[in-house]
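The following pair of complexes shares a single chain, chain A, combined with chain B in the former and chain C in the latter.
Then we have the complex of A and B:
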C-alpha cells in the first residue's frame, strides 16, 4: 500500500522569498520569514513584505480583538530641518502646519500647482524647526524641487528607521507590560520617545486601522529586539503579526484612502483628467485658504469659488454580501455615474462596505437610487448583480476605545 | 518587351515595399516586386558573411513594427518571432557603469546610485513620454491630413488630430509643442541631473540623425524611438529571431503565398511615363515591365532625382525634393566573436550585456562627437549602440560564440577634403570603434573572427538609401506629418499619376515600422477602387 508523505513543517517554513536586485528585506525580515506560513509575499516600494502569515481572516480579527504587528519599514520617511522648516512645510501642504505642536502628528495631503493630490501621509513635529514626513510614495524629488529658496535640509531616512504598526485593543496593555512607562499619557496623534534596549523607541498613537493602536519607530539594529519584546509581552494577550491583506480590510472599515488604490499620484498619471483635487476626495478639511500661500492654492481656490469639482468621494453601504471590487456605480440602474475604488465585506460590522468616486452632482445633490453592478462568481458561473447602495459617513467603524486616554487594557 | 502586365510594380523589396506588396496581393491584385540586390529586405536584411554567423547587416533591433501589420499579414505564420530584450546601459570612463533594469524597483535603485533625485524623476519622465507616445501613436497608421485641403477626409483627419490635442490640459499642450521642437539635452535637463543618466536617454534622440543632442528637434527623435512596443510594453525593443532579415523573409513568404511575384537582381533604371502617367519601368539590364501603378520603396531623392526623368516632374516639386534633408550620419559594424568578451568593470551576470550598451557617459561627449561630423570626419570618440543579439537569440551564431552589432554615430557621407571612404578611411573608422570597445574590454580584439564595416557610402550602395541615412530622411519637425517628404505630396501620391511612394521618406518615417508601406497600400487600393485590405480610414 502506498503511503502519502507529508513534508515536514520545517521544510515549509524554510521557503523564502527571493531577495535580489530591487527586492530588499526589511529589518524585520528574519522574523517574518519564520512566521510566514503562507509564504505569500508582496512588494512594497521595493521591499518584500508578507501579504499574509497564516490566515487573512484570523489576522483581521486579531486587529479588532487583540494586538497585531504590521511592518511599515518600507514607508518613505523624510526629515525636514532648518530655520525655514515650518515655512517650507506650510508651503508644501494645504493644511496649517503652525497648528501642529511639537510632540504631535498630523495627517496631511499635498498637491501640485494644478491642485491635484500627489500623496498623503503624516507629519511628525519634533521641534520648532524639525519635522518628519511619512508617505507611501517616494517624494524626495518633489521635496528637493520644492525646497529651492528655503533654508532647509531634507534627508531621506527611509532606511535608517525600522517601524511597526502595532494595532488592536490590547496594544496598550502590552506596551505597559513591556515596561514602557508613561505610554498611558499618549493621546491620539501624540508621539513621544521612551528608553528601550539601550536606545530610544519612538511611540506615536497613530495607525491605519481605525482602532486603538500605536506606531513604533526604532533604529534598524534593534528591530528584532523590539519584535521579540512585543511578542513576549503579548503572548497572553492575543498577539499576531499580520500581512497587507488583513490590514487593507481594517483600513477600509476605518474609511482611510490609499494612494494608487483610491487615487493616483498626479505627476504619475498619463491622462491629465486622472488627477484628483482634495475636494474631489472628501478632503476639504485639509485645505486652509486662510494661512497664506501653499502649492496648489490658486487652482484650489478657483475650483472652490467656481464650484468646479468634477467628482465627490463617498462611503457606501451595499446590499448583499458580495464585495463590490472594481464595480461601476449607476443611478436608477441605468446611468453610469462612477466607480468603486475600495470594497470589503466587513466581518465586524457584518456589512458590505465600499468607497466610491462619483461624478458630481451625484453624491452631492443626488444621493438616492444608487446601484452597484457586481460580478459574482458562483462556482465558475458568473452572475451580474445590481445591488442597491446607500451613502453613509466614514469612518464606517469608529470605536470609542480608539480615543480613550488612558486607553483600556482590552 | 515583357508580355506579362501587372496591376502594380513595386520598386525595392525593403520591408515597406514588401508590406505594400502584401496588402495589395491580399486584395487580389497582380503585383511584381523588383529588387536590385540578389537578396531581399533592403535595410531589414540578414546575411551570412562568415560561416555559421548570421548578421543583421543594417537595422538590428525591432520595436516599431506595427502589431496591426504583423497580425493582418499573419507574419508569425510565415516564421516571424520578435523576442524582447532587457538590460543595457553605459560603461563609464570612471570605472563605474549604469545598468538598465526591467524591474521598476531594481531600476530605481540603480538610478539612485547615480542620483537619488533622478531615480524618482524617472517616473515623471516616463509618464510624460508615455503621454506623448499616446498622442502620436494613433497617427502612425493614418494618412497625414493636408491642412490646406478641404476634402472631407482631410478635414476629418484634421478634426481627429485637433480632438486628440484638445484632450491635453493647457500645460500639456504647451509641453507638447515645446517637446516637438526642443533639443533632447534641454528636454532631459528638465528631469535629470546626472550626466550618465542623461547620456543614456539622450542616445535615442540622435540615433540616425545628423543632429547633435543639443540641436533643436532631437527630443522628437527620442520619442520616435520610444513609441514602439513589444506586446503592449511601450518603449520596449526586441530582436527579430534569426535577425532582421526574418521580417523581410516572412513578408516575402506572405506575399508569394498570396500570388505575388518577386524578382531579385533587377535594378530599376527608369520609371516609364507617358502623357503624365506611369506605364511601367525599365531595368538597368534593359528589360521592361508594364503596369499602370508603380510604387517606389526607394527614398524620395533616389526616386525623383534618379529614376524619374526631371522632365516629367513639376520644377517646384523637384527642387523641394532636392532640399529634403537625408544626410548620412552613422555607420555600422557587424562582428563575429569567438566568445563572450570580458568587461571587467561590470559583474559578469549583469543584465547590461543583454541590451544596448554604450560608452558615452555625458551629453557633452556626444555633442563633441557631432562636432567631428560637422568637420567632415567620423567621431573620434563615437557614440556606440552595441548589442550582442546572441545573448538572447540562439540562432545567429554557433553555441558559445557571439554576434555583435555596433551602430556608430557620427559618420558623415562626405568626408572633408574630398577624401574617399574607400581605402584606408574605412579601416581607420573601424579601428576607432574597436579601440573604444577595447578600452573597456581588454580581450575584445582577440575575439574578433570576422567583421563587416559599413560606412554611410556602403549603406547607400547596398541598401540604396541616399547618403545611407537610416530613416530615409531626417525626423525633424519640418519633415514630418504633412510635410513629409514634400508639402502637398504627403499622402503617398506623386505628381505623376499612378506613381506612388511607400518608403520611410513618407509619413510616419523611418525605423522598421511598416506603417509607411501599409498607409501607402491603403491609398493605392483606394485609388484603384480595389478591395481594401489595410485597416484604417
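Then we have the complex of A and C:
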C-alpha cells in the first residue's frame, strides 16, 4: 500500500470527529463533520462548534437570502421551577419578569451587586412557576448563589436539549414544508411545542441575526433527524449550515451585543473597573426600577441618580469600507475617547458598521466630530486611516420580514 | 396601626436593651420586641426548682463597656469583680492567676523565669489589646467613602500603633495574626500555664491555640475591663441576668416600651426601605427605623428576605462563620463540691481544665471532624459560692462552658448525643473532683443546637459569628454592612453580630444607637 502525502477530500470527510481533548461534540456533530470543509472549529462552553463550513461570505449570504442552521446546543440552558420561580427570576434580572407571559421569550441581562453585567440571554416562560434561562456562558454557580432564600429548583439542562438556530427569510416556508402545522401563528418572541418525529419540537421565534428566524429545541436523540428533515425540506430554498463567523456578521448588523466581545462577565474580570453597567451598554430599557428589588438595583439607582455612568455604548457608521476591528475612537481626531468593540463591513447594507464604547460625555452630550483610527494592511504595509464616524441607531439592519406574522413564504 | 415608633429594636438581649436605652434617653420613641418570654437573651439568670439561680448561658462579666455603665446610670452591684483563675492540674497541683500574679498551689512547678515572662507576655498583650479597646466604643471606620470621623478613627488607630514605639509596633504587627500557641511557647515552658492562657484566647470560638488568629481573639477578650482593671473578671450580684435587668430598667426609665413574647416574623418594606415589622401574631408595627440584635443571618434571610438583597451579598452572608463550638452544662449539686487540692475559698474563682496546649488541640481535633470532644476543655464557675445569695438552700451550682462541641455534629444532635456530651463533661470533672457525680441533683446540657433553639441565635454561636480578621471592624458581620447600616434603608444591626462583637459588652448596642441618632434626616 502506498501512503499518500495529502489526504484526499473523501478521507478527510470520513475521518473521526476532529475534537480536541476535553471538548465535547454536540448532538449535531456527525452532520457537522460531514459538512465542515474548512475544518475550522472553535470552543464554546466546552463544546466544539464550527467557525465556518465552506465560506464565511456564502454562509453569511444564506442568512440574508435563504435559510441557515447554526448549532446552539452549547447554549447553557437552566430550568428554574418552583413556587418562588417568578420571585426568583425577578430578583435575578433587572427587567420585570411578571410581564413575560407563559409561551413568551424575553431578552434579559443580569448584574452583580455593583450593577455590572454578568451575562445576557433569553428567558423562556413555560408556566406560572416554570422558566428556562439560556445564556452563552455558564451561570450555574451564580444561579445557585441567587437561589439562597428562594424555594426553587434549578436544573442544568444544557446537555439534555439539542438546539439549532434556524434563521433566514425562507425558514418559515421550510418549517411549513416540513409539516410543522401552526407555526405561522408564532409572533416574534413566542414559543410553542409541535409534534415531530414522535417527540416534541419546541419552536421559538427568536434568534441572533435580526432576520426572520426561529430557534428549534429538541431532545438530543432526535437531533440528527431534525437536521436531516430541515435539510431535505429546505433543499430548494438555499439551506446551509453556518458557523460562528458568519453569524457574527449578522449579529453585528442586527446590533446585538455579545458577552466576551462587547463586554466581559463582571465577575471574571481581574480589573474590577472593567465591569459595565446596563446604562453603559445602552441597555437602559432593561432596568425596571419600579418592579421591586433585583440584584444590582441599589448600585444602579445610585449610578442613575448620581449620573455616574462612565461609558456610553453606540452604533457607528464609519466612512470607507475597512472594518474598524479593535480601533480607537477619537474626538476631533485628537482626543482618544473610546474603542470599537465589534465591527463589520455589512455586505447587505453596503456600509461600514461598528459598535463602540465611548467615555461619557462623548456619545451622550457630544456626538459630533467622531473619528476612528483604522489600521489597514496593504500587503504588509500598514496604513493608518482616520475615518469619520457617525452615531446611528441600532439595529442597523431591521427588515419588516423579521416581524411579519404570519411570515412571508419566500 | 396608630403609633409610629422612631425605632423598633428586635431582641431584648443586653445589646438590644442597650440600644433602646440610648435611643430612648435621646428622646426617641422606642419599642423593643423580644421573641422569648423574658428579656436578656444569652445573658440571663434563671431560678430552678432546687432554689438556686443558674446562669443559663453567659456566666462571667469582663467586658461591659464603662461608657454604658456611666451613660445609662446602671444600677449594677458586683458579687465579685476580681475573681482569680485557677488552672487545674490533675494531680491537685494547680496554678492560680490573678492579674499578672501567679501562685503555684500545692507545690506545682513554676519557674521564676515563667513568672517573669508571663508578666511580660501579658503586659504586651494587654498593651496591644488597649489599641483595639479604643475601637470598641466607636463605629468602625469605613475604608471607602469615609467621612472625617472615620478618617480620625483610622488615624487614631494608626497613631496608637505608632505611639507604642517602634519595637512594640513591630511586635504588634508580628503577633496580631499569629497563633497563641507559638507566641506562648516562645516565652513559657509550663504546660499548665500555657494551657490556661491559650484557652483564654479561644473560648467561644472555632479556634484552637494553633489556629491563626487566636492571638487577635485573645486581644479582643483582654480589651475589656472591670471597674478599671483590664482583663479582670467578675460576677454581678444576682447573676448575669442582673446586667440585662439593669439595662431593662435603664431603657424603661428613659421611656422605651419592652414587649416579650413578641417574635418578629418579618420586616415590612416599602420603596426599598424598612418601615416596620410584622409579628408572628400578624400584628404590624411601624417605625422610622428598625435595629435588629438578632444574628445577621436571621435578620437578613428570615426577617428581611433574600428578595430584598443582592445575590452577592446573600452569598457572603451564607458563608459567614457562625457555627458555635461551645456547649453549656449547668449542674446543681447537693452541696459544695470537693476538688482535689482546692479549699472552699478557692471555689470562688474561675476554674479551668485545659492542662496543656496539646490537650486543647486534641479536644479541637474532634470538632474539626464533626464530633464533640471526649476530653473537653472546661471553664467552670460556682456562682452560688461567689454570690451566696443566689442559693436559697444548701445546694450549689457548677456553671460550665465545655469545648469543643460543634453545632454541626456529624451524627446530628439527639437526646442520646446530648447525654453523651454531658457524660464526657462529668467524666472530665471526675478526674479533678472524684465525688462530683454523686452530688449531682439535676443537670442541664445545652449544645450549640440547643442554644440556637433556646436563644434564637443561628448556629448557637457565642459571638453570633466568629471574631476573626475577616469578620472584624468594618468587615463585621460582612462586607456591605459597615457602621451598623445594612444594604437597605431603615435597617440597622445592633447585636453581637455587629462591631465589635460578642460577650456581654453593650458596645454594639451603644454604637448602633449613636449611629442611628447621628443619621441625617
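We adopt the following convention: the second predicted complex is superposed on the first by the 394 of 410 C-alpha atoms of A that agree within 3 Å, B and C clash if a C-alpha of one lies under 4 Å from a C-alpha of the other, contacts with A are read in each partner's own complex, and residues count from 1 in each chain.
Heads up, the rule we're going with is that contacts are C-beta pairs under 8 Å (C-beta built on N, C-alpha and C of every residue); 3 or more make two chains touch, one makes a residue touch a chain.
Computed from a predicted structure; not experimentally measured.
In the superposed pair of complexes, A:272 makes contact with chain B only, with no contact to chain C. In the superposed pair of complexes, A:45 makes contact with chain B only, with no contact to chain C. After overlaying the two complexes on the shared chain, residue contacts for A:116 are found with neither chain B nor chain C.
Of the two partner chains, chain C is the only one touched by A:295; chain B is not.
In the superposition on chain A, A:92 makes contact with chain C only, not with chain B. Judged by the document's definition of touching, chain A residues 142 lie at the interface with chain B and also at the interface with chain C.
Listed in rising order, the residues of chain B touching chain A in the complex are 101, 103-110, 116-118, 120-121, 123-124, 127, 130-131, 134, 167-169, 171-172.
Within the complex formed with chain A, the chain C residues making contact are 272, 301, 305-315, 318, 480, 487. By the touch rule above, chain A contacts chain C in their complex via residues 87, 90-92, 112-113, 142, 145-146, 148-150, 292-293, 295-298.
Taken in their complex, chain A has these residues touching chain B: 20-23, 43, 45-46, 114, 138-142, 144, 156, 267-272.
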